[in-house]
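Naming follows writing order (A, B, C and D), and every chain is counted from residue 1.
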Amino acid sequence: MISSADLSCDYLEGAHPKIIERLAATNLDQDPGYGEDAHCERARGLIRAACDQSGADVHFFVGGTQANAAVIGCAVPAWQCVLAARTGHICDHEAGAIEAGGHKVVALPGVDGKITASQVRDAARAWADDPHRAHILQPGMVYLSQPTEYGTLYGSAELEGIAEACRAHGMLLFVDGARLAYGLAAESNDVSLADVARLADVFTIGGTKCGALFGEAVVVREAGAIPRFFTQIKQRGALLAKGRLLGLQFEVLFEDGLYGRIGERAVREAQRLRGMLAGAGYPPFVDSPTNQVFVAADESLLLALDGRVGFGVWERLEDSRTVIRLATSWATPPGAVDAVGEVLAGL
Amino acid sequence: MISSADLSCDYLEGAHPKIIERLAATNLDQDPGYGEDAHCERARGLIRAACDQSGADVHFFVGGTQANAAVIGCAVPAWQCVLAARTGHICDHEAGAIEAGGHKVVALPGVDGKITASQVRDAARAWADDPHRAHILQPGMVYLSQPTEYGTLYGSAELEGIAEACRAHGMLLFVDGARLAYGLAAESNDVSLADVARLADVFTIGGTKCGALFGEAVVVREAGAIPRFFTQIKQRGALLAKGRLLGLQFEVLFEDGLYGRIGERAVREAQRLRGMLAGAGYPPFVDSPTNQVFVAADESLLLALDGRVGFGVWERLEDSRTVIRLATSWATPPGAVDAVGEVLAGL
Amino acid sequence: MISSADLSCDYLEGAHPKIIERLAATNLDQDPGYGEDAHCERARGLIRAACDQSGADVHFFVGGTQANAAVIGCAVPAWQCVLAARTGHICDHEAGAIEAGGHKVVALPGVDGKITASQVRDAARAWADDPHRAHILQPGMVYLSQPTEYGTLYGSAELEGIAEACRAHGMLLFVDGARLAYGLAAESNDVSLADVARLADVFTIGGTKCGALFGEAVVVREAGAIPRFFTQIKQRGALLAKGRLLGLQFEVLFEDGLYGRIGERAVREAQRLRGMLAGAGYPPFVDSPTNQVFVAADESLLLALDGRVGFGVWERLEDSRTVIRLATSWATPPGAVDAVGEVLAGL
Amino acid sequence: MISSADLSCDYLEGAHPKIIERLAATNLDQDPGYGEDAHCERARGLIRAACDQSGADVHFFVGGTQANAAVIGCAVPAWQCVLAARTGHICDHEAGAIEAGGHKVVALPGVDGKITASQVRDAARAWADDPHRAHILQPGMVYLSQPTEYGTLYGSAELEGIAEACRAHGMLLFVDGARLAYGLAAESNDVSLADVARLADVFTIGGTKCGALFGEAVVVREAGAIPRFFTQIKQRGALLAKGRLLGLQFEVLFEDGLYGRIGERAVREAQRLRGMLAGAGYPPFVDSPTNQVFVAADESLLLALDGRVGFGVWERLEDSRTVIRLATSWATPPGAVDAVGEVLAGL
């Protein structure tokens, strides 16, 4: 249900107007398919430059579940498993896509959606020390989201630590950047795009939630690390025929640094929202500095919001309150957060 | 390489201008995700009406390989295989997507890309008569393309015959309509959209090659015949977050019958092309009435086309000629076919 | 490493002598393959009778991981997941076999290897209440082991409760009886074979650890509930060519109630062992009434056992002790437990 | 149906008496599981020696479909397919096991069950020359059976040629030796076990049909070529708990050259049978020098055999005759072939 103000998620709108303009302007151009066109080529170059990784492979996917499943399915051998925070997107919210591709995801307890280097090391050592280890899947990859599913961010030291633990134990680090633009725009953030690119073996740069109609760029730091990825993407039904549509969108997002700025207003609006809610007696349930705001709502808040502001339901607490999420996006209309203010004023 | 006239395939261009207009006009609307928006709802209704199947399920996919793999993967049980013409798209051109999903495709020899009802019956009976049949996959589905990969069309009687053979042997009929608009627009065609919908258990209505930026509608005649298809689509990474983009495109294609007309010019241009080639001593290699033209090209034709007209290479004949394909689309620029004429004139 | 007394696991030895005799006596008989012989037929009848389920399907597998993977892979649809205790065999000790077959196993925290009906109900309700449930795997099966991997037993009331929770929420109950004979032989056991057969939708009767050379009988209570299971077993490479070898072994185990008695001595010896260890200051780590004995061993016990008694290493405790397992079997030599007594006396 | 003389297949009987003796003699020994026992170790050594490949990996499987699926699944990457004769066992007779594991098998037309080096080269070149090859599976392995499913043998030159074609195009050669003993025992055979081991990257030595109760040894010429094969075997449910049962059988078969001799009588009896049939007007349908005899039977022969001699039904010819198979084994009772003689005499 769409309310008069909708903050239920961050992919309610279409794309940044420059993308629509570019689409219209190039519509009747004739381009080769499957990402072998000039837009894709240029977008790959722009992304490599923005990541400061001139040797990286860049592949474009339409969606995040698809990208996650392809990366894990193609980069992790059959005898290895993936470590992730229990709240990680691949754990519960992708309808078993990773397992359908044959891989086990080991869910680690997280704090505010984050796991730690020491959890990674412990898991690696537990396997290495187990006398039955040949009968057990070896941890082969760490999956984490930046920002996390709870809107929190790994700090630079945290991410360095996890990357080091991965290297020490021969594991890959995969960073899901579905909302990366909102992380880059957060005031407290100290992890740059180039940091992510340097520390992660593979990561995604989210377009769908960050200004594009759709699209996730998968960056593989070491070219060729995922062999014949093109053919494997095709096999997974994840190769877009008119690949230029993806190239064109990432061109717009990266040609003048738009991706680095596009999350700013959303983060600012989310902060304003957090302040309003806290002022009304609803402090943040999770201390998230990005575009997602979580609060534990009582019955009166739920009733007041209902029909006026769209929100997402996250979990029921034992004290009968409900954790809800309000998400802003690069395109959230100016009045949306004010609408929450009005609701709160009327409580 | 893109030549001055490019006839190398039928998905070189973007979308019908009305689709781009609609995209722009609705860009900042806020819509729920995953196909649960009003555009998708309306598009599903329009498609059901155009198919004369009010009870059908309609699902939208971004691409054809994805749609084929999802339909086969979800509709065919583990103990069954799929019959297809050796030239069928799922046989060789989807990088093993069907087998990657666990199913065997049995390639039947075809004529001009088509198989027959008697081949279907023979395969079904061979299984039923085999004393070892419990050790052998049962033919469970017939896959065919309309138009075929060689641009030919099943006639009404042929399709009825295959559908009847399927029913008689408990098999599903799946029609891949990636280029369906070009079939509907062919002069000799006697199979309507409603005929396909009545005869096939599942079929696709191709958007990518027929006027959309991307998108294939999967029509399941009997609602619920593929259980929990939504969740399974999600699991396959094939659920578009901003599903409205698919709904909106099929709305435009179906709201005033555009889909039925959009292939007309392409077919006409292809016919003109066929005539030119035949006149120059290159008769059709396959007698295809739709938008694809196949000829056996000798060295002089190949050389003459090279760099001036983009074409696709299909197969090498034993006499050293090369079968090439020239494809028109709804958006082929007016001069493209004339460019071939100029090349032929210069031979 | 094999010590002078080996209690490292319960499948160190071959088979009950009557099985070897029968093998020898029938060796040059000519029998049809794939389980279609008279031995298999008779064994299926004996098992149905022992289970008091005249309409059940009985299939024979060579091994447990194979049987578990086949049952789950064939009985659970793609959109469902399996609930199991975190210590369940399918969770960590089958090298990801269930996930390799495409299914997610959700690990529930257990107590002494057991889960409860209320955990099952909670998981089912959490899914049903989740507004995003179409994006999430539905709990479709409960997997539990009787006895558990920690040697404990579900009581009759516990099992009834779980079965009821499964029925209430449309879930299957799958009982892994790899060590079932040791459960049936336990003094405190109040769950008969017929109880398991009545409550579980599918269960296994373990042969490998319970007197056979190899073999697990899979009992599907409602015949045909797993469609074309024979073909699917073949497809999984799990169909034994000379199926009679399985039939013959289960014939011996069930023709005069041997299976009900074969665990008795092992359980008695394990109890004696438990007493010895407790008397020496090593109380049971888990209160298991069957053939597996777990104790938290300090350095001195580990050193004393080393090279004299084979044992299994289970987990390291934070206080630096190590949980070890000593397992008896139907064939444990009389002196093995005495050997532990000697070790303890020398501490 | 089992007739008074049964020649319906070559796995009707148990095992060579020496295997049964050894099983009985070692029955209550205590051995570690999963192939880590002394019998397996010794058997691996014996096999390496017999193959003249001291650096090979040897793994034991219970059955052939399992072994084929594991080898192909673990040795062929996702972007490659397997070439095999249309009559190859993996094509139709393993219930889609290879495809269920994700790989496409490309069926090549064979002559008497055999394919040629030039077919292999053509397939490799067709892929390499295809401008769309990134969208197409690359031929990555050749699968062939020695003897073939029609009882024929590759000669030394043929096998060398195929191996050379594989090397030239970066493909693996996998030889299925389910009936290898009957090939080794054939008079016209010029391919030794060491030849197979030198030419194939991976091959199986069949036990099930060649004197064992069950068991196939998989020999990987270059140790480690299939990484973590042990864990992957476990994951596929193909790791036998009491692995010593496999080791022990291959010990017996290889400790004094038994495997090289065990097929002799079966081949001699098959030749006698071929002579009888030809004399009665039923010449061989396929000129097979091993233990399988194929004839095109008319109605009168079928009727005469029915109920007196067990045979297998292979295919119906257009002239209404039926190709049947009569197979001898190392254990075929002396009178079985005579029984066919009596039937023929009575025609």
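For the reader, a short list of remarks on this structure follows.
The rule is simple: contacts are C-beta pairs under 8 Å (C-beta built on N, C-alpha and C of every residue); 3 or more make two chains touch, one makes a residue touch a chain.
None of the values given here were measured: they were computed from a predicted structure.
When the interfaces A-D and C-D are ranked by C-beta pairs in contact, the top one is C-D. Among the other chains, B has the CA centre that is most remote from the centre of chain C.
Taking the mean of the C-alpha atoms as each chain's centre, chain B and chain D sit 41 Å apart. Chain A and chain D have Cα centroids lying 50 Å from one another. If each chain is reduced to the centroid of its CA atoms, chain C and chain D end up 34 Å from each other. Residue positions of chain C touching 2 or more other chains, listed in rising order: 78-79, 94-96, 100, 135, 137, 231-232, 234-235. Every residue of chain C that touches chain D in the complex is listed here, in rising order: 1-2, 6, 8-9, 11-15, 17, 20, 23-24, 26-33, 62-70, 94-97, 100, 208-209, 213-214, 231-232, 234-242, 245, 331, 333. By the touch criterion given at the top, residues 34, 74, 77-79, 134-135, 137-138, 227-228, 230-232, 234-235 of chain D touch chain A in their complex.
Interface of chain B with chain D (complex): residues 78-79, 81, 92-96, 99-105, 107, 129, 131-132, 135-137, 313, 316.
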